Amino acid sequence: MERLVKPLPAYLVGRYQGWKATSYEENKSWYRRLADEGQRPPMMVIACCDSRVNVNEMFGAQTGDIFLHRNIANLVPPYEPDGDPHGTSAAIEYAVTVLKVAHLIVVGHSNCGGVAGCLDMCAGKMPELEEKSSFIGRWLDILRPGYERVKDMTDPDEQKRALEREAVVESLSNLIGFPFVQSAIEAEELSLHGLWFDIREGALEGYNPQAKGFEPV
Amino acid sequence: MERLVKPLPAYLVGRYQGWKATSYEENKSWYRRLADEGQRPPMMVIACCDSRVNVNEMFGAQTGDIFLHRNIANLVPPYEPDGDPHGTSAAIEYAVTVLKVAHLIVVGHSNCGGVAGCLDMCAGKMPELEEKSSFIGRWLDILRPGYERVKDMTDPDEQKRALEREAVVESLSNLIGFPFVQSAIEAEELSLHGLWFDIREGALEGYNPQAKGFEPV
Amino acid sequence: MERLVKPLPAYLVGRYQGWKATSYEENKSWYRRLADEGQRPPMMVIACCDSRVNVNEMFGAQTGDIFLHRNIANLVPPYEPDGDPHGTSAAIEYAVTVLKVAHLIVVGHSNCGGVAGCLDMCAGKMPELEEKSSFIGRWLDILRPGYERVKDMTDPDEQKRALEREAVVESLSNLIGFPFVQSAIEAEELSLHGLWFDIREGALEGYNPQAKGFEPV
Amino acid sequence: MERLVKPLPAYLVGRYQGWKATSYEENKSWYRRLADEGQRPPMMVIACCDSRVNVNEMFGAQTGDIFLHRNIANLVPPYEPDGDPHGTSAAIEYAVTVLKVAHLIVVGHSNCGGVAGCLDMCAGKMPELEEKSSFIGRWLDILRPGYERVKDMTDPDEQKRALEREAVVESLSNLIGFPFVQSAIEAEELSLHGLWFDIREGALEGYNPQAKGFEPV
């Protein structure tokens, strides 16, 4: 790896040093306590890797507030304890059984490249995503049941936004299939929440399971 | 799901609305442009889900700057195109082949619960993590080669910190095994970086492959 | 030009080569992407040529972050499409209509030689600046309306600082007169910001249009 | 302007505060001296507004080192003391007659959007740039004599790079037409330099007037 791994670019070093001299310094006692006593976050958030979705900022989070898993299209796979590595399932297991978070929030968003790719793949427009070797495609398979629910929509923009919301609903539905999630909910030690964020308008909608739809928060 | 999914707690609604009226409002034109033209982040960061590690804040990031994947112990699994869903590999594939990020930065950290669990599991102290059904255990298997490199250390604190750094090194090493990562590096269109963050001290160390060790940035 | 244009002094060659071997090398993949895909800066900054005002450094900017126009006293002339060359207006037109920047920030500063010259000229103390052939004087004419607003101040230091701030306000006011600036603001695709930087104290103040004054950021 | 001018986005405030707590603080005594005694830069640089060209970084500049004018395509217009405002000429006059800089350096660069626009305009491909109301077009008129020297080139990439270099040569040639530049050179108090920077490769070339061409520095 000698010639492959490089030093951090200078502008990131500079910004980090600025952060350390200000935000860290002002908050040092809290960092010390968090290091010494361990984290104790009230919530886990599952959001997309997208660079335009910053849930810590949007929720005014303090250091230690949010146990945050981010993956492509904020997807939770079905419960499958097959002995293979499952990063998302491991993060959920850790949050619910070790950290005992009180809230588990799935955050979808507009303009999601992963969801757009899923739509194209399921519609047969991106055969390269259907190949066994496509990590993106095999990950987006998780959203195929959601696609079935929107496939007859005719307006492409509406269909994409609908599938972005289905990614949240599908993930919530898969979450319930994890026995430790189910039992934490039944013990009233955990509640689930679903959100969808509109990047352009800064708007946030919450999933209302009674209405089977999303409403402005 | 009717009785399982709940509305967002009021304090998060309140903080979100405050964010929208201030940060979003000041930066609205940039959100609009990001929504209309798509994201173009210069870097992908792979960090831990830990609530005490906020790389956006530490790097003074602007919305759109960091494509961020977070999983337990900031691990990258080996390249395995077996047709199963691999969330981390999908995120890397998307960042490198679709977004064409220039930097891929793995950020480890002190006090990592995942790394501590790996240490206990490999030392035979947590048999429940060795079960086939343990998502946490099967995910932490990725770090077993790193454990081999630190297993003879006698001071437990030093050993844990060493394994936290090995989690970064192992991930960098696995990253190089992805053909699309390899070819982007060879084309000088991508560079890799490894960091380790000390929560208590706010300190940051960078991996120096020549010295095969970490040094303050 | 044979005898008039000389090679670069050796100390600048040396510093450049050091930069290339370090900063450029660490960040090479980003330079390549910027060259291949073009710039996409979120902001344009209009600052003074003064050697003591480095907005890239002050804002921790990454290469590609700031489209930067610098002229004497950070002035924006009124909108005047008369077919003559207007360098400042051309830079603004390029930033707003071609690059579609989200933020346009005017940065004034303390100890501004241009503003001091304007004050002396308007007070009749520097007749040479009033000559038709004085480029400095004819450029500083842009700030005459600002002088009218401070001319009755009696403390010379306060008056100079007031006129430095008026240079920012006058520029913002002239910016709004450009039709393409106006329409980008109305579409919420552009926002204006005014700052004043104190070189001695490193302090930064922002223009608050409601208070019609500057406040620490 | 009440509803048009906004506060600075929070991420810029944060980065500025980080800079103040580190770079400024470490360098405070120099800022104080620069504020109290005035600037005394050894050089003026004329560069493009392009966000990818940071001459302060490339030349390892200290605060106070470079009096910096940046405009579209790093152009110097011909000497024209007609009583109209000329921002570039004013900056040059201030640098040479007030600050008495020892070096005046024109820096061109690859991938220049302004030069590409000039090429298209002169080739009749962008009639909108030929309109009287186009600030960009009227500014790029300065480079028309340079276009005449490259118009017969057949390879479009070579032609663009040639015109980027001509922008430097034309500016140097116009500089010599300013009487105060001419007399400062004759008194051996000022020397001119021309450079062209390749963004992709980080390479720098200097103008050699004897060879009438550019050579690596």
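A, B, C and D are the chain letters, set down in written order, and residue numbers restart from 1 in every chain.
Simple rule for what comes next: contacts are C-beta pairs under 8 Å (C-beta built on N, C-alpha and C of every residue); 3 or more make two chains touch, one makes a residue touch a chain.
Keep in mind that what you see is a predicted model, and the values were worked out from it rather than measured.
Novice: Counting C-beta pairs in contact, which chain pair has more, A-C or A-D?
Specialist: Answer to which pair has more contacts is A-D.
Novice: Please name the chain that ends up farthest from subunit A once chain centres are defined by their CA atoms averaged.
Specialist: For subunit A, the chain whose C-alpha mean is farthest off is D.
Novice: Subunit A to subunit C: how many Å between their CA centres?
Specialist: About 41 Å, centre to centre.
Novice: Using mean C-alpha positions as chain centres, tell me how far subunit C is from subunit D in Å, no decimals.
Specialist: Centres of subunit C and subunit D (C-alpha means) sit 13 Å apart.
Novice: If you average the CA atoms of subunit A and of subunit D, how many Å lie between those two points?
Specialist: Result: the chain centres lie 45 Å from each other.
Novice: Could you pull out the residues of subunit A that touch at least 2 other chains?
Specialist: Residue numbers touching two or more other chains: 6-9, 14-15, 18-19, 23, 25.
Novice: For a test of understanding, state which residues of subunit D touch subunit B in their complex under the given definition.
Specialist: Residue positions touching the partner: 6-11, 14-15, 18.
Novice: Using the touch definition from the top, list the residues of subunit D that touch subunit A in their complex.
Specialist: 14-15, 17-19, 21-23, 25
Novice: Quick one: in the complex, what on subunit D touches subunit C?
Specialist: Touch list, subunit D to subunit C: 1-9, 12-13, 15-16, 18-20, 23-25, 28, 31-32, 34-36, 38-39, 41, 44, 49-52, 54, 56-61, 63-72, 75, 77, 81-95, 98, 103, 105, 110-111, 113-114, 132-136, 138-142, 172-173, 176, 185, 191-195, 199-200, 202-204, 206-210, 217.
Novice: Which part of subunit C faces subunit B closely enough to touch in the complex?
Specialist: 26-30, 32-33, 37, 40, 42, 60, 62, 64-65, 100, 102-103, 188-191
Novice: Which positions of subunit C touch subunit A when the two form their complex?
Specialist: Within the complex, subunit C touches subunit A at residues 22-23, 25-27, 30, 60-63.
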